[in-house]
Structure formats: C-alpha cells, structure tokens
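First subunit A sits with subunit B, and in the next complex the same chain sits with subunit C.
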Partner chain A sequence: MRAPVCLTLLAAAPASAFATDYLTADQAQRLMFPDATSFRAQDLALDSAQMKQVEQLAALPARSVHWHVIAAYKADALLGWMVLDNVVGKFELISYAVGLNLDASIKQVEVLSYRESHGGEVRNPAWRRQFVGKRAPAGLSVGDGIANISGATLSCTHLTDGVRRIAAIAQVALKK
Partner chain B sequence: MNKTILAAATAALFALPLAARADDAALAARIEQLAAELEKLKAELQATKAAQAAAPAAVPAPAPVAAEPQGPATVLTGYGEINYNRPVHNSAGAQADARRVVLGFEHRFDPKTKVVAEFEWEHAVTSADDAGEAAVEQAYVEREFGHGIRAKAGLFLMPTGLLNTSHEPTAYYGVERNFVETAIIPTTWREAGFGLSGETEDGLTWDAGITTGFDLSKWDATSEEGRESPLGAIHQEGQLAKSRDLSVHGALNWRGVPGLLVGGSVFTGKAAHGTDNFPAQDARVTLWDMHARWTPGAWDLAALYARGSIGGIGDLNLTLAGNPTPVPSAFYGWYVQGAYHLPRSGDYALTPFARYERFNTAARYSAFPAGLEPQAGVLQNVSTVGANLRIGEGVVLKADYQKFGQDKNLDRLNLGAGFAF
Partner chain C sequence: MRRRARPLLGTLVDVAVASAPAHVDADAAIDAAFAAVALTHRLMSFHEVGSDVSRLNRAPADTVVAVDPHTWQVLALAQQLCAASGGVFNIACAPRLVEWDCLPAPDLARPAWAQQTAVFALEEGGRVRKLAAGWVDLGGIAKGYAVDLAVAALRAAGVKGGCVNAGGDLRVFGPHAFPIAVRNPSAPAHAGAHLELRDEALATSACCFSAREVGGRRVSALVDGRSGEPLDTAASSSVFAPACALADALTKVVAATGDPGHPALATVGARALIM
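Now for the complex of A and B:
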C-alpha cells in the first residue's frame, strides 16, 4: 500500500497555489464519476511489452512506466478510472485528467491547471467533448477527429497526444 | 523520514525540469532514471519498515509534503527565418536574407507572476553601415488573477488579426507574411502599456488595454515608407515613445465551436502628442479588423479584413501637398486563404496552400483643396500558391510563387527555412 499512499497524496495535492488551477484532482474525479462512493489510487506500472503496445497504438512514445490511476467504485463495483497527467503546452505544463470507462473508451477530459498566457481555450467544454466515447487511436488526433484550436495549436496538439496516450494505456493495461 | 524521502522522490518525479518542448525520448529517459531511483527508495523503505516492525514504534511519520507538478522557472524561446526571393522577370533582383532571428525567455517568478521578453535581429547584420535592425519585440510582466484573468504591463503585442500575436514562421503559410497583415496591420505590432485578458468557459477570449500609440509627426511625405505601410511608418515600438496621448484597444475572439475562430479587434488613439508646430493636433489613428479561421478535418481556411483611418489631418496634408506621400485618411485590405494538410509521413507534414489578398495603403485622401488632391493609391492584389513542409514540430521549409496583379515585374519565387521553439 506504500505506493498508493504517495499517489493519493499527489492526487489530492492542493491546487490553490496556482491561480490558473481550475479543478483539483479530487473535484475532477467526483465530476467524472458522480455515482462513485469511493476512489482508490492504484499504481499502474507498465511492463516493457505493454509500453511497446501503447507506443504502437498511440503512435507516441509511452513516456513513463508509472501512471497515476484512480479507480472509481460504487460500493464494490468498479465504474472506471481517472488518469492524471501533465504535458507541456507551448512553454509550460498543462495538468489534466482523463476519465475512462471500463471498455477503455474516454468518459471525460478535464483540464486541472493551465499556465500559459495563450491557448487556455483547451478548457472549452465543446472542444473537450470531442474526446468523449472514443477509444485509442481512432479519431484522437488533431485534424483527424479533434479540431485544431486556432492560436492554441501547440497546446491542443500536445493535450490531444496526451489523451491518446492515456486512452492507449487504458486499452492495454486497464480495460476489463 | 523514509516516507518523506519517498514523497520527495515522487515529487521530484513530477517536478521534472521539462525543457520547453523537450523531446519525449529525452524526457522518457529522465523519467525512467527517476523511476529506477524511486524503486530503490521503495526497497529501502521496505527494509526500514521491516526493521521498525521489530522495534517499538515511537514517533508517528510526519505529514508528507504535497507535491505539485511544475515546469522549469525559466524557459528559453526563439524563432527565425531565412528567406530567398527571386523575381521571375528580374533575376538580378534575387536576394537571400536572414529575415529575422529572435531569442527570448519566459521566467516565472512565482506561480502567478512571470516576465516574457523577445529580442529580434532583422537582416543579419546591424551596424551604422548595415541594413539590419535590433529590437526588443516584447518585454512585459504578467500576473494571473484566477479563472483565466491576466494583467500585463510593459511592451506587448496588440491582439489584432490572426498573425500579430502568432507570427512565428511555423505558424503561417508562405515564405513571407501576408501583405494585409504587414501593410495594413503593422505586424509585429507592439505597444507599451497595460492590458487585461480573460476567457470564458464557452470559448470567448477578450483583451482590453491602454497603451502608447502612433506618432504622426514622424510621417515623412517624401518617403515611400508611408505608402508601403501607413502605420509601419509611424509606429513607435516602445522607443522613447511620445505618450501624451494614450490609445485604447479591445479584442474579442470566440472559439465556441471546435475548429472555428471568429474574432475582431479595434485600436484607437490620438497621434499628435502635443508636438510643437505640428498642424494636426487632433489627429487620430484607428485600426480595426475582423477575422475567421475554420479548420474542418485536414482543411485550414482563413479570412481577414482590416481597415485603418487617420482622421483630423486636413491641416497637415495642406502642408504636404505636392509631396509623393501625403497622409492617407483610409487604408484597408483583406485576404482569403485555404490550406490542406496532406497525410503525415513520419515527421514530415506537407501542407499546400493558396491565398488571395487585396489591399490599398492609400484608399482615400481627404481635405485637399480642389485640384490638389493626390491620386488615391492602387487597390493591389496578390495571389500566392505554395506549400509548407513541416519537419517535426519546430522546423518548416517553405516554397511559394507570388503573382502581383498590378506589376508583373514583382512576380517572384520564394523559398524559406524557419524554426520556432
């Protein structure tokens, strides 16, 4: 249980220090899984075969072995997962969370923190809704299923790539 | 203590100094290294816990420090373009130019406060005998107030058109910037002052500010400069800028439908600044634009209209009658552009494009006595056809052909290499 302790701490990291914070991880998980009665952090460690599969599926480097996954439960029934991640927008980090259904389709994407001067339009709900219901990799690239945001090309491309990577991880390592 | 170490190591994992646009491979290697260290620490923790289990526990573990992901405080940025222009009917006019190289930095003092600066060299060599120019392109501090509201102070880019705030060579089609957004909107246009920006959840971005403006007393009626770009001839660029009269600006951009941007901006301010013996003390410069960009699938479609006016210049123009370049009271331009992203091939992405633009830098002169009116400028049109070849994210090679409707001697082939990071 040691690793989950740390992950829980990360997931619950207070957001108040960033003026550009929009949601805490705690708020995001409740927004994504309003029916959940409990959330459990789990340490997802990809083995090398899984990392290769993720790379093939997402057409991106798998980037990391360890991923911060929070499983949502209603009583003992697993509802889905939320994966927390950061990507570089243009110059700075975008913190975001991807909600996933049991079939590894995307349930929701939430931007937790955005720190750039420009490109904050990735928060726009209409833009984020483009991800909902999709499974890696179909329709999860800018220009192919996800519309570009004019003036925020780098932020929306990098965020889209990040979501596609997480969707691939869900297919390879989480899907029930 | 070991828990603290473990938490700190985990924090370090997420506080990786992510260099701007660091490539994923280097990042992965770094993360893997930290992951290995984390595993080692876990093993040590397990061993320590086992030892503690044998001895009576005395002190509860201290509360771990919460970790917050953050990038490096200081990021180096830059862009540049080296261009080659070859007039097809006048090969003696062929020219290669290190058009501009810009280096900049962004430094975050704290999570809410940062400074952004960019320094530009144009035309390679700058000295008393050379054509080059060195300039501070931007230098401003910005403070965030939550919910996307930001205030900035210093020298910053006006939120006008599609190109001015997004002017890196990787961001636009064609070797050269379009004519409308150089002749009518004087990209890269910056002013010194104070600005506020914000965005709403439904995709509306707004900007408002009060800044320096133009200095009409700089107008040189004997030079062609004012005919090439009326505002480019009288901008101040934060250089000992006359500031008795301040200007105001506002911009709205809506991105509520994915792939669509619709926006507009307006800038207005007096431009005489009480200059001694200047005959147009009430002169006012106004510039507005409307623009749209739509990116359905692989298409990238854009259109822009910009119009400027200089009012209150009757007495000034009376003194300039007979000179080649009096002050125009109106100037405008528009363009439409279409580009198509061909399927990527590895790191390579080819995007053919076509653009048609019309512009007139002197659409109207006013307040001249009968018989002395200068001839209004010509409505020019330029067609551009070419392609951008992106290599990865930060490099672009460009080639295009430009046909000038009014003077075919200007028709030219352009080649360019650009980068941005």
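Now for the complex of A and C:
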C-alpha cells in the first residue's frame, strides 16, 4: 500500500501560467535533418493565387502571406524545409515546427514551446512575439524542472489545423 | 533531460527522458515512444475509418472482427473494468457522444447506447464478436494505454527514468520524482494542486473543457455508463494507478460516482483524488 497522496493545495494562489520549452528552432532543424550541413532561412511570401490554393487544399483560411521557412542543405543539395509557426488556442500559445520533404510530404512535427495564460495575454500579439524563436535561458536545459500538467484533456485541433495548413503551403509554394 | 512534444491522439503528447546511460540515444528513444502512441491512435481512433474500432463499429451484429493484439488487450481491460465498476465504466456510450456532437458519426446507422457487454464479446485469437448494433469508443482508456506503450518503448530503448504525458494522462517511471500540477477545475489555467509522482500513473477527468449546451441541455464528453446521461460536475477526478490505462479508465468511474473510495479502485491498486 502506497503512502497517501501528498498535496500542496493552493487556495487562490496566483500560480504562474503553465509553460514548457521543448526544443529551440536550431535543435529542431538538426533533429529533422541530421544529415544537413547548412540551414538557410528564407522568407516565403504567398501571392493571392497561392493563398487561394492553400485555402482549397487545407480547407482552412491561409491566415498569413509571410511564412518563416528554413531550407536544409547537404553541401549544395536541398534536403527539405522546416516551417516555423505559432497557433493560439483557448488559452495556450504553441510554437511548433514542421519538417517537410522535397515532395512536400510531412517529415516530422515538433512542438518548440507551449505557453498557457490565465489572462488575456495569449491573444495579444506583443505577448506572443516574445516567445517566437525563444531559446532556453543559459544554464538551464530545456524541459528541466517544469511540471507536467494533469487535467481534463485539452484538444489541440488548432495545432493539427496548423500542420495541415503548412502541408498545403508546401504543396503550393515549396514542392520541387 | 530531453523533452519533446507532438500533436497525437487529438491532444499534445509530451515525452521526457530524465535519465539514460550514455550509450542511449534519447531522441531515438523518444521517437520510438511517439511511434507507440501513433500506433495506438491508428488502431483505436473512433475517427479513423480504417482503425480496429471503426471496423468493429461498422460490423453488423453476429459477425466476428479480427483486431490487433493491442486493441484486443484494451477491450479486455475495458470488460474487466466494466465488471469491477458495475457498468459505470462503459465504452459503448459513443452513440450519446455522437448525438451531442462530441464525436463524428461513423456511418448512417444510429444505434442506441447500450451496455458494452451487450455490444461485443471477446473470443480467442484476437477476435471480437459483435453481438448487437452499437458503437464503442476507447477515448476513455486508449490514451492511458498509449502512455503505457510509450513508457514500454522508452524502457526497451534503455531509458532508466522518464515521463509520458498524453494531454493530462501521464505516467512516470524510474528513480526520479516528477513535479506534477493538477489543474484547478474551476480555473483550469491554474494549478489546483502540486504533487510529486514516482513510478506511477496519474490521469484526471473533468468536464471543464468539454461541457456545453446541446438542444438546451448541458452535456459533456463524460457519460455515466449506467444511465447514458452526461456528467455535469464542477469537480475533477484524478486517479493514481500502477498503469495509465487503469488510471485513465477509473477517472470515469470516480467522476460518475463521486466516490474516491469506489471498490473498483482497490481491485487494481489505484487510489483517487477529487478536487
């Protein structure tokens, strides 16, 4: 028989928002393309015809003209791309990366960071921007000492939609 | 510590490797854990047309469906927990969840909700006999099972300690205690409790993210398996158990009965916390 559950009950304590950093963008690109010798950031701008195609393929609003794409190369040979994006849920902001093969198929999806907020900050673009491409503070390895959360399951439909949108963008604007 | 997360099972799945010998590739181990979760999703998803669950749901009465050994094992555990809970745990409530728009309809049939023992029976050789029209949904147990499989994959890869968390259903293993925050059901972005977990699973069920009005009636993704009625409780029910499939399933029993000392818990070495 195990010892009784030892709990610290928080009576209306202003607990900080739940947050976890998983990977930096650098770590994610190396994980997705271990053979790459160089990575080149490129700004992808969709024209209006491409925006329409993305919306048809993904059955979702294209949302943005500009996309942050990192191309992975082995010497001069293009291996694929990683696209960085953020999605906003009920009260969470998720930064994530989608790795794509040359044929626009999805190679890998990795969540970079997860932030919850109990205030209105999550819908505030300035608050969101501070986490984009964020690196873990020096001396602290990613994921250390940050509690896991148990609770009612929070669906991540907005994240799976985001991945689907990026797959469509790759199909329309990246595929070789 | 290496910690990564991916969208799987309709939620965020978080895998952490806390300790592993130097020769173990933590990322390869985490990839294997994600693959185990993805396998569970493919086999047991209510939404995926080709899953074992979908094939079973579309099968006519008096036919036999061959399923993967993992699916068979989860169905067997569901039968065991249905019996231990006097039918409170019931995976055949899916027609109500479809009615309330919590799940998509698998086909045009509209079977009534039923007791799961009236809908299917397990046979030897990984086979399931469909006894009557009905839909089963493993949403109340498969996430926990996926966590258990992912933990087994990490261990098989040589990882000594870690944590797998599928949207709040989690299991930790190894010598480390892991800090866990349990959501406050009345303010879900806050922690209602902080605790440390060692070599154990914890799952929590609450209506706070799924409750809504349908046809002027308040429903949620939690159903009392005895009556087919939706639970509308402000409380959250957490269960600690040796395996996450057990913890996941038993949260539904504790939520429906409001009894943290329900006898079904003791049969598998579990205990509960209602908050």
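Methods note: the second predicted complex is superposed on the first by the 118 of 176 C-alpha atoms of A that agree within 3 Å, B and C clash if a C-alpha of one lies under 4 Å from a C-alpha of the other, contacts with A are read in each partner's own complex, and residues count from 1 in each chain.
What we mean here is this: contacts are C-beta pairs under 8 Å (C-beta built on N, C-alpha and C of every residue); 3 or more make two chains touch, one makes a residue touch a chain.
Please read all numbers here as calculations on a predicted model, not as lab measurements.
In the superposition on chain A, A:L102 contacts neither subunit B nor subunit C.
When the shared chain is aligned, subunit C comes close enough to touch A:L31, but subunit B does not. In the superposition on chain A, A:T160 contacts subunit C only, with no contact to subunit B. Of the two partner chains placed by superposition, only subunit B is touched by A:V88; subunit C is not.
In the superposition on chain A, contact is made by A:L60 with subunit B only, not with subunit C.
Shared-chain residue A:S117: touches subunit B and subunit C both. In the superposition on chain A, A:I149 makes contact with both subunit B and subunit C.
Annotation: subunit A residues 2, 5-7, 9-10, 13, 17-18, 20, 22, 90-91, 114, 117-118, 143-144, 146-151, 153-154, 157 touch subunit B in one complex and subunit C in the other.
For subunit C in complex with subunit A, the touching residues are 1-7, 10-12, 14, 16, 27, 143, 163, 165, 167-170, 178-185, 187-196, 200, 202-210, 236, 238, 240, 271, 273. Per the touch definition, subunit B reaches subunit A in the complex via residues 3, 6-7, 10, 13-14, 18, 20-22, 24-25, 27-28, 31-32, 35, 38, 42, 45-46, 64, 66-71, 75, 77, 106, 108, 111-112, 116, 142, 144-148, 150, 152, 162, 165-166, 171, 197, 199, 201-203, 205, 253, 255-261, 293, 295-298, 300, 341, 393. If you check the complex, the residues on subunit A that touch subunit B are 2-3, 5-7, 9-10, 12-14, 17-20, 22, 60-66, 86, 88, 90-93, 95, 114-115, 117-118, 120-121, 123-127, 130, 143-144, 146-151, 153-154, 157.
By the touch rule above, subunit A contacts subunit C in their complex via residues 2, 5-10, 13, 15, 17-18, 20, 22-23, 31, 90-91, 94, 109-111, 114, 116-118, 141-157, 159-160, 163.
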